[in-house]
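Each structure below appears as structure tokens.
In what follows, subunit A forms one complex with subunit B and a second complex with subunit C.
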Partner chain A sequence: MHDIHVIDPVTRIEGHAKITLHLDDGGSIADARFHVTEFRGFEEFCRGRPLDEMPALTARTCGICPVSHLLAGAKATDALCAVRIPPPAVLQRRLANLGQIVQSHVLSFFHLSAPDLLLGMESDPAVRNVFGLMAAEPEIVRRGIRLRQFGQEVIASVAFDKIHGGGIVTGGVAEPFTTAKRDAVVGWLDEVHASALATWDLLWSVTDQFADEIAIFGDFDSLYLSHCLPDGTWEHIDGNLRITGADGQIVVDQFDPADYLELLGESGKTDSYLKAPYYKPYVDGDDPRPGMYRVGPLARINNAERFGTPEADARLALLRERFGRTATSAFLYHHARVLEVIASIERIAALMDDPELLTWPVRADAGVNALRGVGASEAPRGTLFHDYSVDRQGLITGVNLVIATGQNDLAINRTITDIARAYVHGPDDLTDGALNRIEAGVRAYDPCLSCSTHAVGQMPMVVELVAPDGEVIAHRRRD
Partner chain B sequence: MSRRASRPSLPVTIDGEEYLAYEGETILDLARRVGVRIPTLCQLDGLSVFGGCRLCVVQTEGDHRLKPACATEVTGDLEVTTSTHEIREHRRRIVELLFAEGNHICAFCVSTGHCELQDLATEHNVDHIHYDYEYPRNTVDASHPKYLLDRDRCVLCTRCVRVCDEFEGAHVWDIAQRGSESRIVAGLDIPWGESESCTWCGKCVLVCPTGALSFKGRSTGEMVHDPEVIAFLSRARREGEWVGRKEQV
Partner chain C sequence: MSRPSLAVWKFASCDGCQLSLLSAEDELLTLAEEVHIAHFLEATREVAPGPYDVSLVEGSITTPADAERIRHVRSISGTLITIGACATAGGIQALRNLADVEAYTNLVYAHPEYVSTLAESTSIAQHVPVDFELRGCPVEVPQLLEVVSALLAGRKPVTPPHAVCLECKLRGAVCVMVAHGTPCLGPITQAGCGARCPAFNRGCYGCFGPMETPNTASLSDRLHDELGVDDDDLARLLRTFNADAPEFRAEARRRDSIAAAREEATT
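After this line comes the complex of A and B, so read on.
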């Protein structure tokens, strides 16, 4: 196998990447590879910094997921200080993460993927974007913008700012919640809940049009990893982890995220800055693919029995009735994302009724009491681990960041290989529609490459088709 | 300003306006007294004059050289210009050089929003710099139980050196090495936490203009310095407010 087609840059994802399609001697797709071409380096330059700086420093990884890094970073530094944060701080952090899930999922659905879903995979690339969608369906886009605004406002209520706020700190949060903030959030709830339900109705109504994509886009067996409560309720920040298989059977349950290295390995790649984590017990040798697992909204709904909120659970039942207990197609990440938006809004509503949210103290104070600390949370794209080591004075000596997008890397490669095999049979098949489907396969995972490679920017796309002798037969680029 | 005649008597012109200055008054003292803004960084009321940062440079009639307003006493019939294109450009370049020679990353700094260097950059429209960043490999001293020294954020203004020597009398701080190698050191270049002369008073932290000195445990933007406390202490000491007597000086 050799040959390479390149999609470079990949568009409508967060970050820079390219895709190469490798042909065998018969001219068929032998392999497809997703290359992340940007490098961040946080694991290196954080060394020597004071531990209290780490949540805000690592949050600078990304302007879309700063809250996720704030939370995982703060949980890791909590562990270094060996503190249990005060209950109202727990609630505030949970609130911020729910706001983060809403705004990020809404961005992924409305701004990045809805042009494919509502205008069509084969539609004119010039208008297959959020602006084209705005012209065609202004009310839908308006709904998305308002939903995202709500998520951002919720974030700001805890973190002070919508992006890169400073309110989430070692030991808890910076300030007690106020009734004014609560009332402002409550004022949004009716509108955004209705919008989220309408978004589900919209997605559900077009699902049948994508039967082929659902069957082709990453519909394979894999493990699923996420936080999950012992009783099977959906969880997004606290507690322990669960891994299930494609058959729905629990493989590992309630393992402490701090022990992640016992179960998860990380493989490096020569053609991408993305690390590819894998489930260790299933890997014997250098090939990590047998240990492939998926994280993110699809994994969370597959691991959980229920959301624990009424409207989200009613729609989860619909999805399971249609696609089975375990949703295996990567295309269904879109559905899982919308379900999580509904559940998050319902959880936010419940938090607003919790009187403890308004109490204090909100910050535990301590020095260095442990030389290693691991923090984990569910970022919108999946489980996020921050693993810090410090010296006795609290200066960072080691950092390992295990990012959701990296954990989906093996699955993304498998997904685009499947799509390429279905739609590309040689250089003449490199049509815009085929390229877009390959991109859409990546987009289904909503990768955030800025986070995962420690880079900047949007994600344009290059595809190369490479012959067995290494010659690049075709090259398509889209900025 | 500590020495003052009973009435100002020296005629001085600042930016075309005539004022009367006291004997021994500096251009900066006079400018502040009459409400003319001259930016400063190393200068701090209550501390001795250092004149090292050169942010406060002004021009005087008949002399083409730029002079530090903080260290130049007024003379009679002096004509001072505080703000021309050349002066503003000079100050802006100084701010740029401060950024170039350190590792000043406001995004996650403990003092962001409360930083004199950041304010100076904003005042002088520094949205980029004309010099290559040096990216020095500095160290953070976290050895003190209460405080943190981040040399990446130090501008070598020596406020900490002067306040420790002149107010606390401990003289923990000094500048080691020369030129671009210069750096703040405790004692004879020992970890701060091992300094037996440090009294933990925290005045050095309060007067630091940037995030170089901070209280441990502070997160982004949470370090608010209080340099005015030194002017208060200076006046109180000068006027004997704590010992029940007044010294007229």
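After this line comes the complex of A and C, so read on.
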């Protein structure tokens, strides 16, 4: 089984996404795999820690979406204490998650993807980055920077800090919200709402230029998993899960995330430090691929009937008019992200008008009342599960983290297989153009590799072409 | 005069510290004018070849390949600055230094034989000479900008050497230990965060690591004797994001041995 022996310590460069393209006997692409190669060990070193430390400890999994881990971790420890958190704390946590969705999606769109989308995939790599875009389109970049700043300040208003904040705690939040904080957030709203709408206009205006990418980049049937309200309204942190199929059919609805192990299996991949979950009922045997599902913005807009906010819903209707009720191309993750930015800003505006936001108490106090607790929320990149077990003293005995990027792993593999089939036709064909498109296919999912490995952004890659007997017949590396 | 070149490198970490650079919203455009950002994978595809005038290094060393890579980074960098708890003290993943790394990989991965990793997570300075260490988990944006502007101006960066306690007093916060009996690492932790946690009635948990010459033993004895914190809890308090910083590590070990001795005495 040479063809799975790809995490070779000699060629492994930490911080690189590694991609292997497997050829069949006829020399065509049979399969493509995306590998993750960093190991930090959170599941183990959290053992023995007191449960109320867990939100702050697991936030250090990722500096890009620490709020997601804070929230899922806090919800898991709420479950260990068997508490229902006070209503104003629910609102504050919702506010923090909306801020998180805004800042993370804006980072993905403006800092990482906009250079490709606005300067063109074929433009000079030396300027095809956020600094090049600053020179070419300073107003657009300034808009992105301001939008992200808004998201970060919303986060800091609840969590005390933009990264690894301490305000989200077991049982609720640390402090009541204040009118000063509310007024500061309200002061931003007109500007950021207008900016978000302008961002949509920009993306929509260039959409036609990417018809090829939309057709080739991960346009296939899969399941979609996310939180969703019973009436079909978009949801990002509370409530239960929905799974739909590519035909829009609801496969599972209002499933309690605490029972996620009944739905999801985790395949023990041999070739990556990323665990690859699948939808259990569709898998019979060793091949997890029939159980492939996607999470994140695309899954959320496919599962939901509506955002429940006016301007976001108007644009969701445009998208559906063009691409159908279920958006199946991974390229449309970009569109889903911008729609979620608009919806999040409109939801934040609604929260600012809710008088309950300013009330207290904000924290429920309790000891250990359950020996296992699961917390789930919608991280920007998809559904995140934290599953903790404790002993009677409240010290952690077991941790399982199921992260969004891992859940998209099977779909990412399928996406790059399709792209490689379209653009790579043999050992001499690993061109820059092919590499760029493979990279863009991976980036459509906005994989947060910190959650098990490295940076997003420019993707340092190692791409290997592997013959059926396992021999590596071509190797391209880009640092 | 050409602009100095800046490179940003990542080792085992969460990306939060290098993201602090992107979070400097108001200053980012100015910064991009003053320095040539030549290697910053988080933000740009362009990679100018080295050498670089300044390298910012995030993350700790956890694999044999990284132990090699940091030597290469050192060799092509003029000034090398480490940023954040991972780079300066091994980070939260240094908690694994206390355990058997095989047990880890077996627990997490179905095929641990494919995992190649070092037994310990170590700071950058344990591998190569470092010109300046900027602390924090994550680093504070104003401090990061101070370090970069000091370099541009050719002066020494000004970061506070004193304890969090001083920041607490400056912002008029009530002492959580004196008033509420909450254990707090403020007296031995380097300032820089503005006493964020004590100001919200939480004890400091040492994100910025030990201050210069901290009296860790005195604090931990008093937490034990006067606030009744037991030895296991004291050791855990010191073992978070800076668990491998020498002063915190030594005191946590001392608490372990006190606990072990007491255990022996009772059996």
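In this section, the second predicted complex is superposed on the first by the 454 of 479 C-alpha atoms of A that agree within 3 Å, B and C clash if a C-alpha of one lies under 4 Å from a C-alpha of the other, contacts with A are read in each partner's own complex, and residues count from 1 in each chain.
Quick note on the criterion: contacts are C-beta pairs under 8 Å (C-beta built on N, C-alpha and C of every residue); 3 or more make two chains touch, one makes a residue touch a chain.
What you see is a predicted model, and the numbers here were worked out from it, not measured in a lab.
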Partner chain(s) touched by A:248 [first = subunit B, second = subunit C, both, neither]: neither
First (subunit B), second (subunit C), both or neither touched by A:49: both
First, second, both or neither for A:161, with subunit B first and subunit C second: second
A:107 touches, of subunit B and subunit C: first, second, both or neither? second
Partner chain in contact with A:146 - subunit B first, subunit C second, else both or neither: second
Subunit B versus subunit C, judged by how many residues of subunit A each one touches: C
First (subunit B), second (subunit C), both or neither touched by A:187: neither
Subunit B versus subunit C as contact partner of A:230, first or second or both or neither: neither
Subunit B versus subunit C as contact partner of A:174, first or second or both or neither: both
Touched partner set for A:290, first subunit B, second subunit C, both or neither: neither
Subunit C-contacting residues of subunit A that also contact subunit B: 48-50, 53, 56-57, 60, 164, 166, 174
Touch list for subunit A against partner subunit B, complex: 48-50, 52-53, 55-57, 59-60, 164, 166, 169-170, 174, 365, 367, 393-395
Sites on subunit C touched by subunit A in the complex: 10-20, 22-23, 25-26, 28-29, 32, 37, 40-47, 62-66, 69, 91-93, 95-96, 99, 101, 103-105, 107-111, 114-117, 137-138, 196-197, 200-202, 205, 207, 233, 236, 240-241
Residue ranges of subunit B in contact with subunit A within the complex: 107-108, 110, 139-140, 142-143, 145, 148, 150, 193, 216-222
Subunit A to subunit C touching residues, read off their complex: 5, 7, 9, 12-15, 38-41, 43-45, 48-50, 53, 56-57, 60-64, 66, 107, 111, 115, 125-132, 134, 138, 141-142, 145-146, 148-149, 152, 160-164, 166-167, 174-175, 268-271, 273, 275, 450, 454-458, 460, 479
